[in-house]
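Input: structures, listed below.
Here chain A shows up in two complexes: once beside chain B, once beside chain C.
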Partner chain A sequence: MPVAEAKKRMVRINGCVASAQAAKYADVDVIAAYPIRPYTATMMALAQMVANGELDAEYIVADSEHSQLSIAHGAASAGARVFTGSSGVGVQFAYELYSPISGSRMPVQMMIADRTLDPPGDFGSEHTDALSTRDMGWIMGWSCDAQEAFDNHLIAYRIGEDRRVLLPQMVCQDGFFVSHITGDVELPDGGQVREFLPPYKHPYPLDPRRPVSHGPQIMPEQGPPLQLERARAMEESMAVIEQAHEEFGKIFGRKYDPWLEEYKTDDAEVVFFLQGAHAVTARFAIQHMRERGIKVGMVRLRTIRPYPTERVQDSLSKFKVVGVIETNMALGSVSSGGALYAEAAAALYEADKRPLMMSFMAGMGGEAIVLKEFYWMTEKMIEAQKKGKIEKRTHWVGFEH
Partner chain B sequence: MATIEVQRQVLPILENPNRGARFYNPELPQSEPFVPGHRTCAGCGPSIQYRMTSKAAGDNTILVGPTGCMYVANSSYLCTPYNIPWAHTQIGSAGSFTAGVSAAYEAMIRKGKWQGKFPNIICEAGDGSASDIGLASISGALYRNHDCLIICYDNEQYANTGIQASSRTPYGGMTTFSPPGPEVPEGKKLYPKDLARMMAAGHPHCYVATASVGYPIDLMNKVRKGLNHKGAAYLMVYTPCQKGFVYETPRSIDLGRVVVECGLYPMWEWNPEKREFDYSFRPASMRPVSEYLKLQGRFGHLHAEHVANMQKFANQQWKMMGIQIPEALLRAEDAKNVTNMAAAAEAEAVAETV
Partner chain C sequence: MSYTELTVWTRGIIMDKEGRDIVNSVSASARKEGKYAQAMENYVDNPDRTNCPTRKYCRVSDAILENELTYENEHPNIVVLVEGTMVKGWDYMRGMPPGGTLIINTHYTPDYMLRFVPGPERLAQLVCVDAAKLADHKWLYYRLGELGLDRLSTEGAAERSKLVAPDIAAPLIAAVVKTTGIVQMKTIQPMIANQHAFNLALEEMKVLQLNPVAV
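Now for the complex of A and B:
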């Protein structure tokens, strides 16, 4: 059945449905689903769209996340545009496939609605699930609301399918804070999407008319050149990412800095550095503190792979103290806290002026970070600024006085 | 955009399927989608099966190869034995990757993104992939009925990694994970997983069959029946491994016939329309299992009681197929009536027959 042309309109939907809408607008060919909370709602919405005839796609209910990703890999290898997703331990059940997919340069797209890893079966959002795959060669970033989630999916397809890139993308949103909170989302005209996102055409699909062999066994000396190519694709994607965001702004009217969102940082002395949904509450808390004369701001990381090293360096070196809100766990890591600290600190290593840095284990287990906790963290940063040194690198917020 | 109807291929069935392995059939296609120049061992059963299967399928075909011997030995970067598209996938992804390829072609043809007849999509999974790590993914693909053919090239072990037991390794089969010793004289204690029947029973809408490289035309016909069947099909093919079974290289095809004649590899088809097994295949003769065992070093350690156990197992298979068991085979179920494989005299006799 022919699919009706979409018209630009405002809707009130949650992040999961926004992701499903984006997949529909991208006219995906194959969808690989498997249920796990909280991302499931995306696949529920897509199933209904297919059942209603709003989207012409093969909707596959896989037998596991490992199979989901393999189905996506196979379908992308055959030349189809593919959409899949997961949450929490589901992301990790599929772990084997992340490197083969990026290594075969298949621009599979995966939606993640974060969920805390087991134990003990917490539904709340922590970024550890997706972050555990961060070095596997996937373009990766977080949105902080439903509109941004919708936009990020389209932008990510455009980046990943670019011949200069050809890499898979993980489009992440916090479970519940984004995935299940409704917000106003502008759905575009079909024509806008077609202008922005050309049809997917892989240069070497599995096509009987032009036989190719994908993924042959190699000798050890043949490995490094291929790894170098993948590493270069990741590096060179940075220019494509910037270009895609710029064109997205022109066509859709929403302009995003691809790397960082800075909020009230102009004269800020201490800033929060974070990614994802807690930025929304952070903005409110910062406004509240600003009204009371506290010079605090926020830097939100929008894309973590590829990591915008220079931008992070330039941005964070302007401040006296940086407090990283982790929302992820990296047990036994350099800060004994989360993964964000280590990379931000590494990015700052070459800066002429380095801020003091501390790591806040906040928003863990899917807990909201409340106003008084933002105040508490800000106090810790100001205390460090006054003393001119860090006495405690990592704070578990809510467990200390 | 209007939906385009998907056109599918129909491959002709060859005549004289049960003739000898050396019978020349002029109807055989000339095309060679799988060519020499790879690194498989001399006499490699799986690669013989690859050639027959791909020849039967023809050029409008896509092959999927999960990790295993046929991945490592066939595909060497910067050279390839495949004249048709081929992709490696992970050992546990046999069914799922194949399902993805099949689903992609359904969608792309329907949406006008690819023009042509639906290609044959064949997955060649080793028995490690098919019976162990990739079992769920294959079951998923069969259950969902993607238009594809999944083949288990059954060499009864993980051969690529240096001969380890899989759940298809027969009772008594020596592998590096099931070595015989004073405490475990038979080596492998467990009987093989009844994989193909499990697939037929669990996915009755699929065409399922067993085959052997010892019967090439029969194998090629089963490949074509599986491909012609709209939806998923499954084949389990006996493909001896000279390295793991320890036999003389030129005897691969012979083994493929003897294993059937000894009742250790029942040949049957599951008819998805009638929902019944077809046990009409009859080998030229019936033999005691010892005739199969003595050809292979992997069974050289077996005592009479183990050989008798194997005969009991084989007789159960004959019974399952509704074939009357000759008195001699029933007698061989008793250890008193068979001899140790390890006996020196027996070993000499084996050397003579080989």
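Now for the complex of A and C:
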């Protein structure tokens, strides 16, 4: 059914299909596709929508992810609302394009369904694929279920296309845990989407009638002002991100904190700090541990670019111990574990009160993090709390007793 | 608390939709009945290849599913083999608690098939249903070209046919529901496209009672 006639309804779909639905509701103009699992299910669903006449868009299958992002870049330069996506090594094959797209201020949207990088070829979810591009000037965040994935796509377009921002967005979800697990998703009324996300109009599109240059070679002294502008756009996006989430809540009735979800943190002494789908199991584990009197909670990072430094500082400095659940690899990094620890620790550096921090390598390779592993990690945090110090900074969960 | 796991073993591409229809219809029925339920495919088995074994899962519970992100059924109470020769070669009984049900699409009798089942002492019943015959099933290889379009659909994301169980899944669903009561017949039957095969299976399935679990 065309979006214009769509009425609000509940459907049972997985994250990949939710992303495709969101692209349809956003009435994208160009879809640049290249298959790699788990993202493939999204491009298949979109292909079907275009073929059925539900979505009037140019659907272009590229010959690689590099071409896919090049097509996205070109289409956005001509003023199109563009949707693309990838997973795992596909995200990396397109790496050259990430900086040019954000540097030319094209609000391309890319859906990422995480997949572990090679070797040796694992379908499972790790956030390393998208996180490896985190400093390329893209707005970036993770959802933890299919509904949030759908919502994040609409919100991200609204943010990225704002004249104050004009930046591309990576809307990320865990492979399998979100991409292939079905959930109840409310598809909105067409009118709600029109109100929230007006048609896109790029201020300086490529147009033969009004010639302009995009991306020419420049002299070194011309570089810094451009970089400064991009850095400022990222900083200034923070206010837009907050505004977009607030307006989304008013129109759609689902209110998200743009930066952090806090779960049972009011009196918590130890907390998990994570992003993505494992928050679902973490909430159950926390409920069970709370029944046993353990003061544990969770802080889930919803947006990692731009990084909400002050919010992370304010939130995490309230606790005695923070256990970062990484679900990504940052080999040889400050914790010799993942990327989340380093940034959270840096955010806390200026805090008056700093919690003890440890890094948990869990959910690696796409393994589920089960309840007993959350209990084990909590024991490690409580041990550190009792001793008042961290004896081991990084734990590989499942490899220690 | 009642918690039931259903695992369906099927063959890639040619019988992928059949397996998916079984878990999806049981899960949807359970949710209609107010239970918590989840259906999913084995993420690692997919994307499927022609004839390769792939697994589909369903979980039904009175309580909220806390293991929603666990990607395999670890203790299946009910196992369905969508194609009879799968009875040999894989340990589809792994993790089954005592009192389980095994349902096989075959024209053989349960007495005959029992000899191939690994760890049959865990079974409360072995059910054989000649689903291919009851659904008047023409084997699928001759239309692989069509299947390539319709079924190589990346885990059902772009399936053209919206019919649930138009083929051999219908008798198998009938066998699952009649012999286990995982959901009510009146909830699931209206969803099924092939009513004829569904009803025939209710009459013609062969059930061998084995080791009831002591209560």
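Assume the second predicted complex is superposed on the first by the 397 of 401 C-alpha atoms of A that agree within 3 Å, B and C clash if a C-alpha of one lies under 4 Å from a C-alpha of the other, contacts with A are read in each partner's own complex, and residues count from 1 in each chain.
To be clear about the criterion, a contact is a pair of C-beta atoms (placed from the backbone, for glycine too) under 8 Å apart; a residue touches a chain by one contact, two chains touch by 3 or more.
All values reported here derive from a predicted model rather than from experimental measurement.
Asker: For A:Cys144 in the superposed arrangement: first (chain B), second (chain C), both or neither?
Answerer: neither
Asker: Between chain B (first) and chain C (second), which, if any, makes contact with A:Asp63: first, second, both or neither?
Answerer: first
Asker: Between chain B and chain C, point out the one touching more chain A residues.
Answerer: B
Asker: By the touch definition at the top of the document, which applies to A:Ala362: first (chain B), second (chain C), both, or neither?
Answerer: In the superposition, A:Ala362 contacts neither chain B nor chain C.
Asker: Where does A:Leu97 make contact in the superposed view: on chain B (first), on chain C (second), on both, or on neither?
Answerer: In the superposed model, A:Leu97 contacts chain B only, not chain C.
Asker: Considering only the touch criterion stated at the top, classify A:Val271 as touching first (chain B), second (chain C), both, or neither.
Answerer: neither
Asker: So which bits of chain A does chain B touch that chain C touches too?
Answerer: Chain A residues touching both partners: none found.
Asker: Which stretch or stretches of chain C touch chain A in the complex?
Answerer: On the chain C side, the touching residues are 28, 38-41, 43-44, 46-47, 64, 66-71, 153-155, 157-158, 160.
Asker: Write out the stretch or stretches of chain B touching chain A in their complex.
Answerer: Against chain A, the touching part of chain B is residues 1-3, 59-62, 64, 71-72, 75-78, 80, 82-90, 92-93, 95-108, 110-111, 113-114, 116, 119, 136-137, 139-140, 143-144.
Asker: Okay, in this complex, where on chain A does chain B touch?
Answerer: 1-3, 29-30, 32, 56-58, 60-64, 66-68, 70-80, 82, 96-97, 100, 104, 199, 205-219, 222
Asker: Residue numbers of chain A touching chain C in their complex, please.
Answerer: That would be residues 12, 14, 16-17, 20, 37-38, 40-42, 44-45, 47-48, 123-124, 175-177, 180-182, 277-278, 280-281, 284, 366, 368-371 of chain A.
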